[in-house]
Amino acid sequence: MIEFRGVNKWFGPLHVLKDITLSVEPREVVVVCGPSGSGKSTLIRCINGLEATQDGDLVVDDKRVGDPATNMTLLRTEIGFVFQQFNLYPHKTALENVTLAPTHVRKTPRAEAEKAGRELLAKVGLADKFNAYPSELSGGQQQRVAIARCLGMRPKIMLFDEPTSALDPEMISEVLDVMIAVAEEGMTMMVVTHEMGFARRVAQRVVFMDQGAIVESGTPEEFFSAPRTDRSRAFLSKILRH
Amino acid sequence: MIWEQLQDLIRSYPLALRGLGMTVMLSLISLVLGTLLGFGLGVLRATGNRFISAAIGTWVDLIRGTPFLVQIFLIFFILPELGVELDAFTAGIIGLTNLAACFICEIVVAGIRAVPKGQIEAALASGLSLWQRMRQVVLPQAMRVVLPPLVGQYVLLIKDSSVVSAIGLTDLTRVGWLAVQRVPNGLLVFAIVGVGYFLVCYPLILLARRLERRMSAAHGEVKL
Amino acid sequence: MLENFSFRTIVEYLPLFGQGLVATVWLSLVSFVGALAVGIVLCAMNLQRGRLLQAPAKIYIDAIRATPLLVQLYFLYFGLPRLGIILPEFVVGILALALNSGAYLAEIIRAGILSISRGQVEAGVASGMTYVQRMRLVILPQAFRVTIPPLLGQAIVLVKDSALLSLISVAELTRAGQLLASDRFMPAEGFITTAACYLVLYYGLKGLAGLSEWWLGLRPMGSRA
Amino acid sequence: GTLDDITARGELRVAVQTQGPPFSMVDAAGARTGSAVELAELMATEMGVKITFLDFDWDGLIPALMSGKADLLVADMTPTLPRAMKVAFTKPFMFTGSTVFTKAGGKFGSTESCGAAGTKIAVLLGATGEKEAKKAFPEADIKSYKGGGPLLLDAVNNGQADCGVNDVSAVKGQSTAYPAGTFTIMPEMLSKEPLAFATRYDSQDLLIWMNLFLDQVALDGRLQTNLDYWVNSDDWKKDH
Amino acid sequence: MIEFRGVNKWFGPLHVLKDITLSVEPREVVVVCGPSGSGKSTLIRCINGLEATQDGDLVVDDKRVGDPATNMTLLRTEIGFVFQQFNLYPHKTALENVTLAPTHVRKTPRAEAEKAGRELLAKVGLADKFNAYPSELSGGQQQRVAIARCLGMRPKIMLFDEPTSALDPEMISEVLDVMIAVAEEGMTMMVVTHEMGFARRVAQRVVFMDQGAIVESGTPEEFFSAPRTDRSRAFLSKILRH
């Protein structure tokens, strides 16, 4: 479904992605972790073309990303992306946030899109917030709207970039619960997160990055119980200690 | 003596009203046109390719960097040599519209740049096209930043419209000049002209301040 | 008018344009310094909580913004003598420009100060600084950086506004163009040369703005949070 | 030729100055009037076409003629030789000169007294008076104003200038707006100079026609009547 | 050292602090936790007068806060405050951030203040960052400078408002380590945090707030092992689950 083959990327002189090779199968859930600045965000942002790669092949849903022949706008409709800072449209209500892309991109009739939007919002537990504006919602609620917004496009893949790290601690679980539900329905997912409980529960694979390279990759059990490199051990000790 | 002069001035109120009418008319037409054009240029400049953006930038610099009087003269007196014959009113409208568009373009660009990058990325990620991104996501949010300085710019442009009198349009300032011939009291005459402009501009200033307060209330203003 | 465009005559008048340029530059410079002073005072008044100082500042700023500079100029030029104050024209001109631009600068400075995040103010309060210390050590240095671009924008406006001083017989750049137009009947030459001179000043100031931003870029600002 | 154009158009386009009483001005009702204005109207009548006035500041007057917006320029303009390099002047329609005026009762009682070093002398930018004043009072501080003769009177009246130098007929005409005896107008002239209308050199036919027109109205006395009413007396003040 | 007696506070119609009674002894470390919006920040911000109270008594270091007779500026020099968003002065280097208040408020001679500042920065592990500007520092480093900045005033009390919640997970421990060191030197501290490991290790008392009121207060052992109210149980289950 997603395949990196020897992908490299530079920001000016900075080599942020080093020879990345990684493939994600349909219905697989992959968690990406690693220290700050290690290139996790860059990695998943490349998948829907928010960042351009400079070397290597990146094939998503059988289409080559960055190939002029690929219609990126079309490909993006197949990929949901959830941001750390939610990025809801502040001038639209929760329901409008969810229906905007379906009506304008998929050209779904408004009535139909609204019906689907209501169902999605109910599914993420916000049946009573259809007409609330983002500023009237808590962080956890906003992030759930953001997930519903992605689901509204019926994507084949969902990408999450630290979806819970801007949240107050008590709101983290409500978002994780929604993500777990989505994973259990069989969505292909790549999730940048430090929530190791989530990784243990639904991930088939954990990928550990450091300084732009994939240092280690394995099942959650392997990774948490027997990290193979010093760097991953040091990292785990820091984030699991408190 | 002041009293007589005042009476003399009051007697020529039809002329003054005509001047006020001309100022309002010129400003209204060119501000509407200039706003439309300015938004178009601003969007092009913020999203267009490098070449278009640089071309618009150069034009804006040329217009901002030279006296408006010179621009008006070029339009009215030099364009005819290139085969474009314009009457004074049209030339005035064109000059003022162009000036307004250039200033508004800069305001719009700043507004668009103030929209957080995450908003554009969110729109990109859900597959909205360039036009849909602008129309649905960027412009509505940019308006919050654009509106207060836009209204403030209107006030400046209304005052700049007085320059157009140099090509023979009888606007408020020119009525002042005409009146000074008969009532040689510059202080009095131009104080009245000032009141005329104040009547047109002050409501706009109040509007700009209201908008600004609304916007900053939404962002939480700082207590020192 | 264009087919007989006479560069020779422009060259002949160049010394006059040079003098005009110099006059415009120094008139603008002095006016701008004055405007800064006016702006800072007005802004300080405007930021006070009490109405007593705030109201006059607000009224003044509105009155200036709502009326044309020309009117303000005449108000001073014809009004001051009635009060028995007779000043040289260029002083009246500088005064008018400073009082006018000062009102705009006050708003720019205020916006700059208000753009400083609340957390900065609170950090100052929490470490026991007085109002004046907070202003001097924390807020103004940061506000200064934010305001440089709009300050230079206002400087560009002021330079062009100084053309109005030719109305009260102050010899400056615009005046040089008018002389060429009326002595030799060469309006195209006169106005285009004048415009070119203003353009030089404009790009100079713009360059200065760019330079100051680059200079600020050297000193990092803005925390990562 | 231009005359054919005018006939074909049915309209004579004349550039006049917004403010320059008694030659060109606007009356209380907003209608354009004055000595030069009436002469231009007379020309249009003789041509059998209607007249359109384009009014400008001094700055706009010359470009209007040169760019072809106007067929002729009718103002109190002195045909200097450098100017004549660019536009074609008619024969003079009258002679005038620059004169000195001061505030009555002040310490500047004569033309000579204005020559003292540092005296502030108000003149109009680009007008002949500016040059004459510089020539006659090399020691004085010459201040050039833009915007019309009444400003000079105002400046002298307010004390911003000690003396003013301007066209004698303009000074006489404009000072009537003040209470009688406000100004002292010196009897002697700094210079004697002609006033003429102007057109473009490529309008030779119009130039010849205008010269003929001036000869005609001079002969039949219509010119004198006009000047007597507007320039040589205050008669027009009563009617306006 | 800090004593709330029946303190109430409203933001307009919103009753944010309800009848707070709480006293903190010298050298005591108190952790405050509770859901978002429960009034934790407001509570500690009242102590140094960043917020005004409307009812009740608040006595800090034997001075009544909000009493016109109390010199608040002077009192504030005795109280260090560490913000969630660090609030370092972006136009000053790390060392200047630390020496600014001592030189201008305490009038310490510059040389002396700089020497003390260097020692403090070394103590928080930033001996090599004296001349770095805040934007050149990571979040964890910035927060450590912020703590050093407070310590530079030799305060009697230190207040922390969620000092680690704006940090990347691997940086949290470096800040907590510094806070633990400060606590172990005997500083009087009130800390709003959800880092329960920190609470367990150094707090004498945990205070749980909900909807503006103190719902529960006790030793960390009592609080974590046997929370007495439903609300605190629900809260703990949420923040400890993942």
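Some observations on this one:
Here the chain labels run A, B, C, D and E in written order, and each chain numbers its own residues starting at 1.
Basically, contacts are C-beta pairs under 8 Å (C-beta built on N, C-alpha and C of every residue); 3 or more make two chains touch, one makes a residue touch a chain.
If you're wondering where the values come from, they're calculated on a predicted model, not measured in any experiment.
Each chain gets a centre from the mean of its Cα atoms; the one farthest from the centre of chain A is D. Chain centres were defined as the mean of their Cα atoms; on that basis the chain farthest from chain B turns out to be E. The interface holding more C-beta pairs in contact, when A-B is weighed against B-D, is B-D.
The mean-CA centres of chain B and chain D are about 36 angstrom from one another, to the nearest whole unit. With centres taken as mean Cα positions, chain E sits 51 Å from chain B.
Note: centroid distance chain A to chain D, computed from Cα atoms, is 81 Å. Multi-chain contact residues of chain E (touching two or more other chains) are listed as 138. Shared interface positions of chain C, i.e. residues touching 2 or more other chains, are given as 1, 77-78, 82, 117, 187-188.
Contacts with at least two other chains are made by residues 69, 73, 77-78, 81, 185-186 of chain B. Every pair of chains meeting the contact definition is listed here: A-B, A-E, B-C, B-D, C-D, C-E.
The part of chain C that touches chain E in the complex is made up of residues 117, 119-120, 122-123, 125-130, 133, 137-138, 141-142, 145, 219-225. If you check the complex, the residues on chain E that touch chain A are 35-36, 138, 165, 168-173, 176, 194-198, 235, 238-239, 241-242.
The touching residues of chain E, when paired with chain C in their complex, are 48-50, 73-77, 79-81, 83, 85-91, 100-101, 104-105, 133-139, 142, 149-150, 153, 166.
For chain D in complex with chain C, the touching residues are 58-59, 62-63, 66-67, 80, 82-83, 85-87, 122, 125-126, 143-147, 154, 158-160.
Of all the residues in chain C, the ones that touch chain B in their complex are 1-3, 47, 62-63, 65-72, 74-75, 77-79, 82, 113-114, 116-118, 121, 131, 134-135, 139, 156, 160, 163, 174, 187-188, 191-192, 194-195, 198-199, 201-203, 206.
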